[in-house]
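First chain A sits with chain B, and in the next complex the same chain sits with chain C.
Here is the complex of A and B:
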């Protein structure tokens, strides 16, 4: 069986809710049944075969080709299999994902991997605001899994993040790690203003010196034993983070946010 | 059966089921990992009064340890799961947490998970930090030399305790030399420990005593000074008997360790005063695991 492939015929003017097209929901359906699924497109419904050319039949391996930035909710609540996106993805990519893997060869929009529970998301491009965050009004963002962003991320990455690992090879926007409850965010590039704003617990691991607010206090330079274990866990990832030369165990440790619980840390490579 | 002039008794060692776990201690260098491991496995020769039997399994190369530092693996055995968990936690807290530069990791992933550093974290008084890395939960506890890193849990497995053999020699120095040779070889085997001092025990016991309060007492049948006044198991030329007790994760592990140990003793042979190899058993009433000496050496 070859991978189930959806190739966009023509980009739509309105946004498309792609949440019905996940591995677990398509399992056992024929191509005709899949083609007949109706997707919400703005205020109207759109059959899958009206938007996509469909080929292949393996519902555990899904490809979306010619993807564009209005395809929202791709791989929402994904429980198994893999989804590969050629092109950009819209908002809420891999929202609530529970297992499996998602790869995007393009850029992704707002709220990617928001409230993600487990699995692996790789973006070979940039990500918008609220990556791995909680939905508005909710208190828990990403709860597990790994996110790799090879480009830059927008503001509020990891907002309300509860657990898991967010790896950013590029730069992070303002409020990175804001209101974070726990987990690890690693940023190789630069970070914006208000880093770790209202952060309760968790770790921000940085390769470059940040501009920290007055509510993060310097705890000195240290060699931390958990860092080699953390880097070793990245070894099999398709990322710069897997490169052993990027690993370190000597850091400057800043504790904060003292305006909150003050149990979080910003670790800066020395 | 006679090997190099040493008679192998047609008897068996009797062992019993235990619960076991392995912990890996690392430190800045092997010296400090060993110090911590020795402390953790101290006063753990016999479950009769120590609560557990523990020993150092082997030294680990940095490439074998989770944090890439020199390490030592230790095995801990107890009669029950609760007892094992209590001993592990107490020893980890008092002997590893306290030891400079140490870190503590699970040595067995499978089996029921029991607390390793899970409760030690409270020493951090709220400053402790949890990290879940590659599916494993770690605790970083701030301490005065930096951070104590510990895995939250380790695996508990069914194991076997009380494998043994007796070395009967013409003199005490010869018995000890033979046991030392055996221990050198047995320490090369994985998954086993010899929990007594230096791996050797000179006070083997029998079940029961003339004193009702005691459950075990000296094995008078093998005490050379009692040859004339008790129902002895010793021939006139035997002047000293020493025992090696083995705990292992499986019966097969003990089989292999007993084989290399007995072979090392026999290599010294009758020329060095070694006359017999025997074993401690209690008529099959003590435990379900029987290690027949002649089968092991066949």
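Here is the complex of A and C:
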């Protein structure tokens, strides 16, 4: 069986809700049935075959080709299989994902992997604001899994993050790790203002010196034995984080945010 | 247009009709006598074998005012889970615990309700509350204006102003806020909270004003009676939710000295302190007190299990309960020295001892109060449960075996602490019609509503009789509002705008002198802007005002 492939015929002016097209929801459906599914497109409904050319039949391996930045909710609540997106993805990519893997060649919009529970998301381009965050008003962001972003991320990455690993090869915007409850965010590039704003617990691992607010205290430099173990856990990932030359165990440690619980740490490579 | 409703089994307690097969005639929105044989019937509905009641009235439901919007903002997850799509005739909305205004109107109508009364309109927020309720389609609405923790009244009491001055102030405020009743919430307690008091007993003094809740209840209940308002003082008592508040409630009933008083969501005020967990049912004692004191009416405020959100003016008690917030977020605030507000999301669980017993206490009160004209069916929406649970609640009241099945699934210790299993009473259709229609209309003081008699407005609900009362009451065959067919088979087929029910008690103009000075000194708006004019309610072309009669004042 070859991968089920959706190729966009022509980009739409309005946004498209792609949530019906996940591996678990398409399981056991014929191509004709899939073609007849209606997607919300702005205020209209659009049949799948009106938007996409469909080929292949393996619903556990989905390809979206020629994708564009208005395809929202791709791989929402994904429970199994893999979704590969060639092109850009819209907002809420892999929202609430439970298992499986999602891979994007282009850039992704707002709220990518928000409230993700498990699985792997890899983005070769940039990600928008609120990566791995909680939906507005909700109390818990990403709860598990791994996110690899090879480009840059917008503001509020890991907002309300609860658990899991967020690996950013490029730069992070303002408020990175804000209101974080627990988990790990690693940033190889630069970070913006208000790093770790109202962070309760969790770890921010940085390659470059950040600008920290006054509510983070310098706890001195340390050699931490857990860092080699952490880097080893990245070894199998398709990422710069797997590169042994990037690893280190000597860090400057900052504790904060003292305006909150203050049990979080910012570790900066020395 | 002359409509004939043929052969339905009519339950109309207001006219003393209990399950008789009758034809009803409606012309221009009201019931009329059987016309002469040669008069042409424009439209006939065959209701043979169907149950016919007037449109139901919810006399205590939080559907307007600022706290509703705070509740909506606080729980976006609840709204995401329950979207309502637009149709050709209805508008979109969302929300389970605190639905949007449009969804509120449609869902009430789809259950056969044609009126709802907002029980906590702060005078200073009344304009917003009425504007919000103006966006609720189909339903008639109205509100009780909230007094008792406002600084102006407390200053009057401290200054020992006479009852006449207070009557004028109450009547003036009711007119200014376009209300049909007066409510008091944790009398003086919301104010005392600002002076760092965290609880206030019935005879405890406000630290600043030196006024006790008992004083406030006494003057307000007297004022409501003396200005002729039919709806008795609507009281949310002291110590809501506190184990042992049973004593406070009984004391409140005794202390009012025979004045008419409505005790709202009384379930939350009927707790004892017996048993291993120091929490027990006061349902029987409260029901006995209501049975004995004919001046007292009560609505239950039944809780039902599931996610909801509690929105109350009682910021003192809401602050005390914020630790139970689920999801863990809450709001408490003061509102312009008039009153306060507390919003706490809540999840009632049947395996939680306290919640399970609260559920049983509410049902005990329903079943042990003898006179159905003095007890009312509410969940204190959304505080005990969203109003959409009413059909389930009706089934609990009408079906003993169903009730006992449900009872056997709740927390075992709670089962031991309630006498519910031994109560055999099952409500009849006529009694349900009293609780939700005739009795509610009478209590609120509505002329020509809640009745199927000649001259009354034709708000009608038609059900198919079904032994499963939940199924029966959640999906009426037809609902008519003012003689217009709005719902068929539980779905809105036509929308219209209801009226706003008010009263206009008299007051002495001199009251404005003192108020003007006070407003200029302390308030965020001038007296002239504070008063809501009739035009504001009606000039958009869809709102209207219906003024109801007062008791004659000697």
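In this text, the second predicted complex is superposed on the first by the 270 of 270 C-alpha atoms of A that agree within 3 Å, B and C clash if a C-alpha of one lies under 4 Å from a C-alpha of the other, contacts with A are read in each partner's own complex, and residues count from 1 in each chain.
To be clear about the criterion, a residue touches a chain if its C-beta (ideal position, glycine included) is under 8 Å from a C-beta of that chain, and two chains touch if they have at least 3 such contacts.
Computed from a predicted structure; not experimentally measured.
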Quick one: chain B and chain C on chain A, clash or fit? fit
First, second, both or neither for A:182, with chain B first and chain C second: first
State whether chain B or chain C is in contact with more residues of chain A in the superposed arrangement. B
For A:250, decide between first (touching chain B), second (touching chain C), both and neither. neither
Based on the superposed arrangement, let me know which partner A:135 touches: chain B (first), chain C (second), both, or neither? second
Quick one: classify A:47 as touching chain B (first), chain C (second), both or neither. neither
First (chain B), second (chain C), both or neither: which does A:27 touch? neither
Using the superposed model, determine the angle chain B, chain A, chain C defined by their C-alpha centres, to the nearest 10 degrees. 100
Considering only touches as defined above, state whether A:9 meets chain B (first), chain C (second), both or neither. neither
On the combined arrangement from the superposition, state the nearest Cα-Cα distance between chain B and chain C in Å. 22
Taking the two structures together, which residues of chain A meet both chain B and chain C? none
For chain B, which residues count as touching chain A in their complex? 66-69, 103, 126-127, 129-134, 138, 140, 146-147, 149
Chain C residues touching chain A in their complex are 73-77, 80, 327-329
In the complex of these two chains, what residues of chain A are touching chain B? 144, 163, 182, 184, 201, 203, 222-226, 228-230, 232-233, 263, 265
Under the definition above, what is the set of chain A residues touching chain C in their complex? 135-139
